[in-house]
Amino acid sequence: MSEKTFLALFSDVNPAAEAIAQLREMGMKDEQMQVISGIPFTAPILGRPHPRTNVPRMAMGGALVGFLLAMFFTIGTPNLYPVYVGGQPLIPVPPSVIATFELTMLGMLLATFLGVFLDSRFPSYRPMEYVPAISDGKIGVLFRCTEEESSRWMDALQKLGAESVSPVEAVQL
Amino acid sequence: MEKTLTIPEYKADWAEGENGKWGMVIDMDLCTGCQACVAACAMENNISFVGEEDAGYGRTMHWIRIERFWEGTYPEIRMTPYQPILCQQCGHAPCEPVCPVFASVHSQAEQINLQVYNRCVGTRYCANNCPYQVRVFNWRDWPRPAPLENQLNPSVTVRRRGIMEKCTFCIQRIRQAEDVAKSEGREIRDGEVVPACAQACPADAIVFGRLDDPESRVSQLANSPRGKKLLEELGTLPQVTYLLGG
Amino acid sequence: MSQEISRRDFLKLGGLGAVATMVLTGCGTAARYVRRTPYTKMPEYTFTGQSTYFATTCRECPAACGLIVRTFQGRAIKVEGNPNHPVNAGKTCARGQATLHGLYNPDRIQGPFKRSARGSEQITPLDWNAAIQVVAQALRETSPQGIAFLLGMAPDHLFDLVSDLARALGAPAPIRFGALGMFEARATLRKATQNVLGQDGLPWFDLGAANVVFSFGANFLETWLSPVAYTRLFSQMRRGERNEKRGYFVQFEPRMSQTASKADEWIPLRPGTEGWVAQALGKLIADARGLQVAAFSGVNVEEVAQNSGIEVAELQRLADLLMKARRALVIPGGAALAHTNGLENAEAILTLNALLDAPITLSPLSPFGDAYHQPASLQEMAALIERMRRGEVQALFIHGANPVFELPAALGFAEALQKVPLVISFATFPDETALQADYVFPDHHGLESWGYQRLATGSAFPTLSSSQPVVVPFYNTQATADVLLAAAAQIGGAVAQALPYTDEVAYIQARLSPLLEQKNGFFGAPEINTFFAYFQQYGGWWKTTEETVKPSWENAFNRRLQVKAAEFAGEGEFHLLPFISPVLGEAGANKPWLQEVPDPTTTVMWNSWIEINPQTAEELGLQDDDVVRVVSDQGSFEVSVYRYPAIRPDVVAIVFGQGHTAYGRYAQGRGVNPGQILKPVTNAAGDLAFAATRVRLEKTGKKRAISRLESILGVYGEH
Amino acid sequence: MAVAAKPLPHAHTHATEGPDHRESLMFDPRPRGLMNAWAMEAMHETSWKFWAVAAFLALIVLVFLVGAWAWMIMEGLGLAGVNRPAFWGVFLVNTVFWIGISHAGTFISAILRVLKVEFRRPFTRAAELMTAFGLIQAGFSILMHMGRVWLSYWLLPYPNQRQLWPNFHSPLTWDFLAITTYLLSSLMYLYLPLIPDLAMARDRSSGWRKRLYRILALGFRGTEEEWEHLRKAMTIFAFAIIPVMFSVHTIVSWDFAMATRPGWSSTIFGPYFVIGALHSGMAAVVVVLFFVRRMKHMTYFVRPEHFDALGKLMLVISMAWAYFFFNDYIVQWYGGDKWTRMLLEYHENGPLGWMWMLMLICNVAVPWLLLWNRRVRRTPWLMAIIGILINVGMWLERYVIVPISLTINRMPFTWRQYVPGIEIPLGIGTLALFILLYMLASRLIPLVPIWEVQEGQMVHSLERVGKTYVPVVKELE
């Protein structure tokens, strides 16, 4: 049984959200659908399950790594190679706070950035289902179904206000 | 004489008024401003001369300079006593913590302030932070036409451009004397180490020695009621004492 | 791999390499790459990694301080004072320290040569045999009366040798000259001593023993006679080492010199009135003690007060200061003696000591039993110049002196030199005089030389200071003594017999041999070689007992003394006061580090300046660094203004030591030479009255920044 | 046909009876496709004048920056005007200045984003680009300052055979860490919101641009997950980069405040510097926006309302700056410490006292006298001039703080004036490089975040309240 990907394009968010709800009522599973859009819409607007994101967790992890690195620099290295300066203690607390802060933040932000890449599987230069109209602000609903079922979904979507519903091929973006 | 040196770990351990190891006393009543120390220092430490234009622009490399000011106007004019200014070898040196690469560090063994030429990257923060303005920077590779290089002292690194330098209390002489003393199995005698400036001083205004030895000439002079540290109020704990008045 | 690299590729690679090398050498470690080729054969007494120390005598001035030179693998590294030496006791001045910059100066004369024309840089190198030939021929073929030797104030062994040579030849005795002697007015001091005490010799002022010291212009902390020795005594006085209390010091002079800046009081009296002030003080003391002193009796204190600018009450206070002192000392020197009435001034000042039990003695004779041969006064130099001008001098030999630069231009030495058919210079350095010589046969640098030096003054112990080479000669130079001995041998006959020495060392040893008999030296030896070895090792030979001569003041009390008013040459509104640079001395301008050592009082480096009282400058509309033309009736030059707060408004002062037209890259074309505009008037002792010229100042509208170490911001309470 | 960026339902746009809001970008929506086309056009179409200017700037960069710097590396810092006691000179002035400029981008795109200030939308990117390029100039300036720049990597903490690590006591090490953190964060924060616009550009270009944008857009399609990750990340960045920004300029101020020097040792230097940075940064944004606006069709995106809003901000910041300045000044003045008194006297009446005066005129008098006026605020060229003046004033402020304050210290014997030398061509070189980078970036990067503008237009609407219509902003998140 061969499954194909279809794309329904909407101009407005309301018809798109309605269509998604309708499709779900008609028995299409959430996993079968995917919304692509030129501006960010939240899951509640579209009536879609909340996508899972690891970015905040990654950020926390990065912050921890940065913090530990800072601890190594400010406490570890002076102990490894003691050098005394200006009558200050070998491990000066206030300056260490600064280094710790900067490195923690750096770790966190680097991890956040990296998290976007990991979570979104960036960069991916494989062919993907996409039409340039999306970046013109259209909202696309991608769904996968067998060819037999496709006409049913296409008709339903067209009735719900989709500008066009058509099968899409994965193309080189 | 047996001496135990407690090397304090940091500020809290080292109280004000406590003595370091090496120290200097300069009697301003004796200093005649003759500049012998300036020349001797330059000869001993391979200090570059910079030429007229740079010298006039504040780029001289003197590790020791003699300051004097005028007070009043003619005929009630007075010159303040000549005051040789050199690195005060602070116990709490403001120049040290600000160096990002540890080029300016404290010698725990000698209790003086070291400048590691090879480590210096030339941020010049130490010089800004030195309240005594005794650090000098190699703004260029100062010319030293041949055969002047024959005079260079092999015990002292020849510095190049981009590097901060300053008085070292002639650490090469301190080290030499320590080696000799060690090989002879004894302590360094008072007066055995003499930096070039003190050695040359015709008025004998500069006295150098161990501050941690209460018997030494420098200790006794440093405790004189005439003694005053330069910019004492900053709490830098200088190792150089100036004797004021007569 | 490709076997051949095309030329094009090669050039590309080469270019790349050059750039890489440039960058890599440019951006390397902190240490500068210094190339110092090792000696293929290590000089004697050098061990790898070990310093060797040699005792010798400083030749930067004739004070004869003992040095210990640290050498390392055949190179002189550092000059240190000889701790045992009676003059300097281990100390040195800035000039002594910088002597190495003379030794390794890039502009030294590197070998003997003949000049194509006087003043020309075009030279033909000679070898030393030819050079000796030239000297021998000149000595042989010139009539003895046509030979003149002009020597510097050091070294003494050469002076003795040349004296012997001149005697053997029947030529006039050698003449010594040096700018230091000129600016110290040594002849005046000596003459005054002779007149006042009836004794010959230079007085030795034992400051360390005095509580109160009055100095009339004697800049004994700078260059005067034996500055390191006097600084030591000054230090003793200030410490009160021998006198319990800190000594009090008053300096009388129109400009605050470095010495005056150390004084507790600086009294800016009118130039030329020093003698009167001394007389007035003397009269006040004598009156207070009920004494009759002939030298002071004819003085009207009020008149002196008016003339000198010191009020009567002030004079009284100063006189009281002297009287109350347990031991007071009054020193004549410097500019006080450099007036037309300089000799009388010196006598008046010296006589004042008669009332004070002053710690003055006469400097001891040398261990040889003779005195240091004093340099010529200006009058004697003028006589030599006159002989030269008249064509009576056919061959002039110059060593260690630079009269073209040092003498006042108006005396005409340079012109007179043109009348001398043959001029042979033994200069180590291409100075102005060597530039006017037909032949230059360079002597070794002082640190490469043998020799000895007597003390003119500087110690109470009879001392002979020794020189020895601390390094092998760096260039193809030859000891002048050796050249002259070789020439004498070539001449043969009586001359060769009078100088039967194989070389310089043999001559020195022969001269030293009488010392073997002396008993009270700090070392002795049974024979000359051992003695000579010790002599070199310790840096000289001196007696362990003081041998100063006690002065007799009886004569001074009864001697009448009339001090005439000083006369001044020229019409300008300012007295010109030249003073010898405390840092450069007479011949330090060629040493780069000395140029960079700031002048003690003004902190100026690398150039000349004229000192003007700030109030005067304001009246004239002059700012710091403004270039003024200084005009006397002898000429003019342009120099930048330094507003010096401690100088009389009617006096301008200028430093002597710069203004060279030759003398190497560090000296040439730098600053001005006040000698150019000095009127060559003399005092009664024949010394140059260098403070007797009057000048006027003309604005030029130009500005030339003076390099100074001190801040120019806020110096006078302004920004 | 592209879709119009229509407001969300229940909106009453083009309301005839209310005040006309169409002068506001948010109430003047255009089809997304048209806006995309304008953005693309601005990148594509270039006049010969543009390239002539770029070539001229490139030449300046080559001679004044590359050439002069190479010469200085070979010769040493003697070519510059630094001396004793002014060991720091214009290089440090420029460093602080450029770091200050860089604060604007973060301020606009982080603080204003967090505070949901809507007028920020069209120029967040223009400001962020300034941050990135400004920090690059700051980096160059501090490298020029170093005596041995070829060893600058010794500031990096890495294991090495020298058995030495950087000194974490040193404010310069903090500085190094902070600037590195800030530069990296700013670049990442510039890039994240750029991804959708790069995807847009990818969809609309061909040839080398297509290849370039394909790589840079990373395969972004705009799926729910992608947007979610991006939004989360941008929220984290927006919150986290604010303290980083504050720390950077505070630490820069600590380079001075930690020193035992009269005039520098001041506890208020941290906030004073931060406000100063914002002062110059906002002013610089205005100047940049003035030039951006002159590009094709940018009058649509950048409007007088934006200058107006920025003008108000500038006025407030100027007041804050004056407040901190006065705070610093009066404490120093009142303290009456001998050296500080001399320093203040020198600032005001010294030979360079005019700089101090001009600083106050540019930073306080000019904004206070002009920016209260709505008509001035809405005149872009006037605003650009004011922006330039404020930047001159802020540069002078740093000049007063660095070399002029260094002239005066506790050893009056060493006081000496500073006269810049090769710093001037090198400074001009960094300015030229900044402009050049900006010009080149304007050819490669959509200067307006179109998706953010569209999003904004969608959430804005007018709602009838009583007799009139008032703007209403909906929140999508």
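For the reader, a short list of remarks on this structure follows.
Each chain carries a letter (A, B, C and D) given by its place in the written order, and its residues are counted from 1.
Note that a contact is a pair of C-beta atoms (placed from the backbone, for glycine too) under 8 Å apart; a residue touches a chain by one contact, two chains touch by 3 or more.
This structure is a prediction, so every number in the text was calculated from the model and none was measured.
By number of C-beta pairs in contact, B-C leads when B-C and A-B are compared. Between chain B and chain C the centroid-to-centroid distance comes to 31 Å (mean Cα coordinates, whole Å). Chain C and chain D have CA centres that are 65 Å apart.
Chain C has its Cα centroid 88 Å from the Cα centroid of chain A. Residues of chain B in contact with at least two other chains: 57, 60, 65, 67-68, 94, 97-99, 102, 119-120, 141, 163.
In chain A, the residues touching two or more other chains are 83, 85-86, 88, 92. Contacts with at least two other chains are made by residues 148, 151, 164, 166-167, 169-170, 173, 412-414, 416 of chain D. The touch graph of these protein chains has some other shape, matching none of line, ring, star or complete. Put simply, chain C touches chain B in their complex at residues 28-32, 34-36, 72, 75-81, 88, 90-98, 100-101, 103-106, 221-222, 227-228, 231-232, 234-235, 238-239, 246, 256, 258-259, 261-262, 266, 268, 474, 582-583, 592-598, 600-601, 603, 605-607, 613-615, 645-649, 665, 670, 705-710, 715-716. Within the complex formed with chain B, the chain D residues making contact are 75-78, 82-88, 145-149, 151-152, 154-155, 162, 164, 166-167, 169-173, 176, 255, 258-261, 406, 409-414, 416. Those residues of chain B that touch chain D in the shared complex are 54, 57-60, 65, 67-69, 85, 94, 97-102, 119-125, 127-129, 131-133, 136-141, 161-164, 231, 234, 236.
Residues of chain B that touch chain A in their complex: 9-12, 14, 91-99, 102, 104-106, 108, 237. Chain C meets chain D in the complex at residues 22, 26-27, 30, 709-714, 719.
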